[in-house]
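Labels A, B and C are assigned to the chains in the order they are written; within every chain, residues are numbered from 1.
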């Protein structure tokens, strides 16, 4: 199967700051991919590069086996909803659907109007008067109705209340089940992504920290507690992500492919949220950057 | 048709929770042979989880021989679980409800009732295994 | 894309059409009256020997409407640039909706090209229609006006140059919006740049578009309007001022020189000094055999100037449009 996104050494620089650097990814198709990281980590930049809205400074990126979409044929295969779900505030819901029909070659008008009806959106309502959740659903409808092969969503639920958030994800998952769509969605909250993603990319401080299927990540990362020990003395194949010490005890987050045989350690599984936090604290330790709060 | 629910904080993988709920429904007679399980689309539309999770659960159930997928139609139950027929379960449930009423009238709170039930169940199971 | 542009542009188009309609009605009501008044009072004024009076009365006819129209013609291209040009792109960039449009299988080139073309055509049509109406309505007044149609205050309001101005103002607005990303600052910049360009062009560039006519001849005594002495009394140079009567021409300069061609006329003749009489001074000047040098643009060149200026503004507009297309493909996210 073609990879959704394949990047090699991808980087983007604005003036003097690197928004993204050394990004290498190979994301298989047929997945719901979560892109998680704190604000300013480079998630929007990566999605814009994949959507063809930005040109890379260094490296290469391939989307669905070709360059990021530029021609109408390529654009028809990639859907994108930018942050805050931009819509034309002066145009009505029905106008937006007409817009989609006029501009997209593969527009599924029946699916679009059925979805709008099911969501309870009033067709004559101006988009500027819709609530945040309704606008997000409208933007999602526009992206889904052109029947793309891959859908890129930039923080789609960030500013939505819990009910709107749940409804958005329900609709999105239905579309995935229906159309066999691949999805890449970004968020700075792990909780949003845990339910829906089967592939996770952790992006912190403009670099990819770890990427892989969620199941694999959960089985290869462990929490180790035991008597106080120097992390450097662990075996080669056990990579310490974060370490915490009291005067008697050491708690480590460790990534390893093999089993942990040392009986001194109490090995516990680790949830996704704590996994991401561990990587964030590792980056913070190396860069002395204030830790960001991850909200539930 | 049964309805699924998900406990996000239980620590149990979602697909295992779905499998467990199907098995429980089979045992309690809520699902019988020939019944259709909810479609993947319906399940994800309700729970907002990845369709692959549901597919994995259904595949596992199919591997265990409990359900069978008919392409283009849906997934259907092929065999029930549990040794008690639905007819046997109803009177047992009524007896249990009566017992619970007695326990409450005797002054036991919920935790005490639960503890009593679990310890008795466990010791009885162990005793059975000893015999077996 | 055409549908979308029309839908976004609908309100502005309707407003403009409404304003044009109002003006058209005002013109339709007052225009024929002006023509009639001209025919009855100004045309035969030589016969009736009351030209100054007839012309003066005629020129003050519908003075409110005249001033209003002058204001409208002054402001129209700038307003087009500010309200049609600047928001065209800046509004989308501010709201982030360009990301919505670009991901609807529309390339950036097509997005910008369609918007720019439709807005450009609408601007030029509006400006053209406006200019047509105004030129028609003002034609009797232009015939009696003190200056000709080449006069800077009149030239910009007539003929086809407003179409060029509108195209340029629109392109300028779009460029500002594209570079600045914010509607209100883009509007301000558009206004400032447009006003500067138009002023500089009218005052400094236009006259030299066609090499002016240079007419040298003996001093026409009828055109002498003043004499004087420049510099300290008793030692200064004689000055003679003339006001040539070249109907409709655009005067660049009118100088009085000696027979040899020098502008230093020598000492003031005593007949034109403090205690002078008109006839004595006139006689004295005639004896000096002075000459006059006129540099001007004849009235017949009105349309030549119109075409040149329109072409230049239109070329500027095309350059800006080309820049915008290049910029949007390479830089904007």
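Here is the rule we use: a residue touches a chain if its C-beta (ideal position, glycine included) is under 8 Å from a C-beta of that chain, and two chains touch if they have at least 3 such contacts.
For clarity, every value in this text was computed on a predicted model and none was experimentally measured.
Asks: Could you tell me between which two chains the number of C-beta pairs in contact is largest?
Replies: The chain pair sharing the largest number of C-beta contacts is A-C.
Asks: Using C-alpha centroids, which chain lies at the maximum separation from chain B?
Replies: C
Asks: Which chain's mean C-alpha position is nearest the mean C-alpha position of the whole protein set?
Replies: Ranked by how close its C-alpha centre lies to the overall one, first comes A.
Asks: Taking the mean of the C-alpha atoms as each chain's centre, how many Å separate chain A from chain B?
Replies: It comes to 34 Å between the two C-alpha centres.
Asks: What's the distance between the Cα centroids of chain B and chain C, rounded to whole Å?
Replies: Computed from C-alpha means, the inter-chain centre distance equals 87 Å.
Asks: Starting from the mean Cα coordinates of chain A and chain C, work out the distance between those two points in Å.
Replies: Whole-Å distance between the two chain centres: 58.
Asks: Please give the residue numbers of chain C that touch chain A in the complex, ascending.
Replies: Touch list, chain C to chain A: 1, 3-4, 7-8, 11, 95-97, 99-107, 330, 333.
Asks: Could you list, by residue number, the parts of chain A that touch chain C in their complex?
Replies: 48, 51, 53-55, 70-72, 75-76, 78-80, 82-84, 86-91, 95, 98-100, 102-105, 139, 142-143, 146
Asks: Write out the stretch or stretches of chain A touching chain B in their complex.
Replies: My answer: residues 30-32, 166, 169-174, 176-178, 194-198, 269.
Asks: Which chain B residues qualify as touching chain A in the complex?
Replies: Result: residues 6, 8, 11, 14, 40-41, 44-54 of chain B touch chain A.
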